[in-house]
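Listed next: structures, encoded as structure tokens.
Below are two complexes that have chain A in common, paired first with chain B and then with chain C.
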Partner chain A sequence: MSLVEVDSAVKTFASRVRGRDPVRALRGISLHIEEGETLAVIGESGSGKSTLGRAVLRLLDLDEGSVRFDGTDLGGLSPHAMRAMRADMQIVFQEPYESLNPRLTVGGIVSEPLEIHQPRLKTKEIRRQVLATLDRVGLPGDAARRLPGELSGGQQQRVGIARAIISRPRFMVLDEPTSSLDLSIRAQILALLAELQEDYKMAYLFVSHDMHTVESVSDRIAVMYLGEIVETAPTSQLFASPDHPYTQTLLSARLSADPRERHAYQSYAGDLSVTSPASA
Partner chain B sequence: MKVMRQHTGATVGVSFIVLLLLASLFAPLPYDPKATEGGASLQAPSGAHWFGTDGAGADVFSRVIDAARIDLSLALAGTVLSLVLGVVLGLAASTKGKGSERLVRGLDAFQAFPLLILALALVTLSGNKLYMVVVAIALINIPRYMRLLRSEVLSLRESRFVEAAMAMGASPRRITFRHLLPNVWGVVLVQTSLTIANAIVVIAALSFLGVGVSAPTPSWGGMIRAGAGNMSSGEWWIASFPGLIVLLCVLAFNQLADAIGDTTARSHR
Partner chain C sequence: MSDELVLDVRNLAVTIDTPDGVVNPVRGIDLQVHRGEIVGIMGESGCGKSTTVKGILRLLGPNSHVTADTINLVGKADLAHASKKVMESIRGRHIGFVAQNPFGSLNPIYSIERQFYEVQKAHKTGAKKAESREIALSMLKGVGIVAPERVLSGYAHQLSGGMAQRVVIALATTLGPELLFADEPTTGLDATVQAQILDLISGLVRTENRSMVLVTHDLGVIAQYCQRAVVMYQGEIVESGDVMQVMVNPQHEYTKKLIGSVPKAEGRLNVAR
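Right after this comes the complex of A and B.
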């Protein structure tokens, strides 16, 4: 049994513009994630990849299909039971600053999952764990007293990661955790995430729009296009021999350092006349 | 530089209000504000009577200061009632859904009604009870708080950090008290300051129209009404000084609102 199993997930959003067709963000997605594994979901904006990340955590409800976590159907849980379940599943967001409450100190932010899931924990023990976790993600202990606005983007993302790991989840959704960061910080954050996965044996669902970001950190890659997964393969295999023409387009989207390789892949012309998830 | 100036304005304003309140509560007034001296009526401002005397011979300065006690406490009571009910009802109405949207339409209709007339009717029908003045102020201001709360909270609910709190497993109650309310206090405080200013004007308008605080108890609106007739015959001081005090009070609270708005905007990022 896989840790996470998504079966034929369908999610349609009503269009904000009256009279427009609804947006079909997920069109029957099935996937599974094993314990300790990283599955990367790659797609361009509008492909439904962030919707998928939220649906897996039941931050939004599916129209059809199911998500099972450790064998439990999340759709069948009461709000109370679902909240208790969240100690085991966490998320790191794309926008580090926006994901932190500007009125809380870093200590207050990071301690919150403990306060929620282990309400009997003593203040002193919470403090000890917060400091240990801050240290684990590479933040100085005095960061606990600071407000998120006083930190740099990279430090803010470390706070977001500390908050996510403090309840020792078995599974995390990483929703483009590095795409708003400077290039030099990106590598550090990716390395940190890889180390934490090693230490805590977490499974990751790594949502990204860039193949090359996830190349070094993912075990398998699922390519999403207009609400469907068009191809899933182990990372090395996908890079070596991409099956689907859309995958080939994605791979050729980045210029190689070697000009002779630049035209190795053809662009995906087949279905690309249909580019909007609404009209498809 | 601009911020500094605004904060100076707020400091001056708050000091003025506090001084006025303290004087009305504790300071010995030069004359009994309700006593009348037949011989000394309609005297221009002088060393003996700083703001002059009114038609009945009462000292305008003593009356203006004494009026602060009742006018300001009514304004504060009305504001506190609006604040508490407005925030609670506004929070309750801050969900996405048909019900809460209908409620907003209802508020639209209610606010389209001339609220001063409503207040006038309420206070008069109750037999001129002072607590009805407080109720009237609340009726005027509760919808404003509700709208403000609703729009702020609705946008906060969409924010990433509230989504993060839900992903952590925070209960709705925890989200409300730890993530939503602390992030709306700034605008609520600004609104509160503006509400006090508005309440002072409403109370003055009501007493000007002869409801609410009634003579011989001094009130700014009542004094303006009493002195209005004397304006044309040249006794400007009877209506002008209470008018000036109302103006200064409103200015003071507006300055305070500016300063609060400024501070919260800055600490936000």
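Right after this comes the complex of A and C.
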């Protein structure tokens, strides 16, 4: 049994524009994630990768199909039981600032999961754990008294990570966690996530559009295109011998930072005309 | 690339008056662009790369001051000392500008066709509406838009990000400027769209022997599309040279650190914090 098992997930959104076809964000997705493993989901805008990340955590309900976490069907859980389950499954978002309450101090933000999941914990113990967690993600102790707006983007993302790991989850969805960060900060955050995974034996679902990033972080990669997974393969295999034409296109669009490696973009039938899930 | 200089910037600095005093986001910038080459300016947020470009184009706000020994747009004018009127005649005709956000460049309430006509009017080319339409159609075809008639009669909000950026490139090159500035032209676009757009603009530069200054934080864009690279850090140029040399054999500590930060396939990342 895998830690996370998604079976034939379907999710359709009504279009915001009247008269336009509904958006089929997930069109029968199946995947599994093992304990301690990183599965990357790569795709372009509108491919459904973020919807998948949310569905896996039951932040939105599926139309069809199921998500099992540690053998439990999340769709069948009561709100109360689902809430208890959330201590084990967390998320880090793309925009660190947008995902933090601007009116709460960093200490308040990071302590919230503890207050929810372990309501009997003494204030002193909460404080101890918050400071230890801030230290673990590389933030100074006095950050606890600061507001998110006083921190840099990289520090804000560390706060988002601290909030996610303080309940010691076994599984995290990382939804483009480094996409809005500068290159040198990005490298630091990716290194931190790798260390934490090692220390706490967490499984990651790493949602990204960046081939360079997923190549460096993932064990396996699932390629999404218009609501479907067109190919799943171990990372080195996917890069060495991509099977699906769309994967080949994605790989050809990678721009190496080494000018000695030349790229030649090869287009895919879909390209500009068919990148919207509504028109597919 | 030839030895013919198109742009020669010497000792450019920008100062900005703020309520907390004067800041100097950009200092001592020397930048030379030759005919037929693409020069990449790279650096992280806040390093001054966009301010440098806006300073050269004199597009900064009234609380900013640009000083330079010269900003020589060779054969045209010294932009460091050009009047507002001269600048307006140069921007669009001799220098094109493509910004990061195409929807910020396009007018939301004018049809695309009208925006092409505005370019003709602003530069008093004498082109009538029908002629402007013909030019616009061929420009849009040139940037790979399959149904240019439909795009012309439509508005910016009806376009995808990639399509909108193609329209902006077509607008910026309508009057055939010899020099194009592109400030993060593909940031925020999907990788496949990015490759198509960059192939398109570098192709325009190559086939018509124009020149381009490409500002980006993406080292892949620099390595794959530029002939020369300029590295900026904290408002100054710390290293510049041939792309092969800068990217493969960087000299400055900051450049080395930046290139070392690119995620690599070999094993998990191991970066000192």
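We adopt the following convention: the second predicted complex is superposed on the first by the 264 of 280 C-alpha atoms of A that agree within 3 Å, B and C clash if a C-alpha of one lies under 4 Å from a C-alpha of the other, contacts with A are read in each partner's own complex, and residues count from 1 in each chain.
Basically, a contact is a pair of C-beta atoms (placed from the backbone, for glycine too) under 8 Å apart; a residue touches a chain by one contact, two chains touch by 3 or more.
Since we're looking at a predicted model, the values are computed, not measured.
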First (chain B), second (chain C), both or neither touched by A:240: neither
Touching partner for A:44 - first (chain B), second (chain C), both, neither: second
Partner chain in contact with A:249 - chain B first, chain C second, else both or neither: second
Which superposed partner A:216 touches (first chain B, second chain C, both, neither): second
Which of chain B and chain C A:188 touches, first, second, both or neither: second
Between chain B and chain C, more extensive residue contact with chain A: C
Chain B residues touching chain A - in the complex, by the definition given at the top: 159-161, 163-171, 174, 178-179, 182-183, 267-269
Chain C - residues contacting chain A, complex: 44-45, 144, 146, 160, 162-163, 190-196, 198-199, 217-225, 243-244, 247-248, 257-265, 268-271, 273
Residues of chain A defined as touching chain C within the complex: 44-45, 138, 182-184, 186-188, 190-192, 194, 209-213, 215-217, 235-236, 239, 249-250, 252-260, 262-263, 265, 267-268, 271-273, 275-276
Residues of chain A touching chain B in the complex: 57, 59, 82-87, 89-91, 93, 95, 98-104, 112-113, 116-117, 149, 160, 163, 167
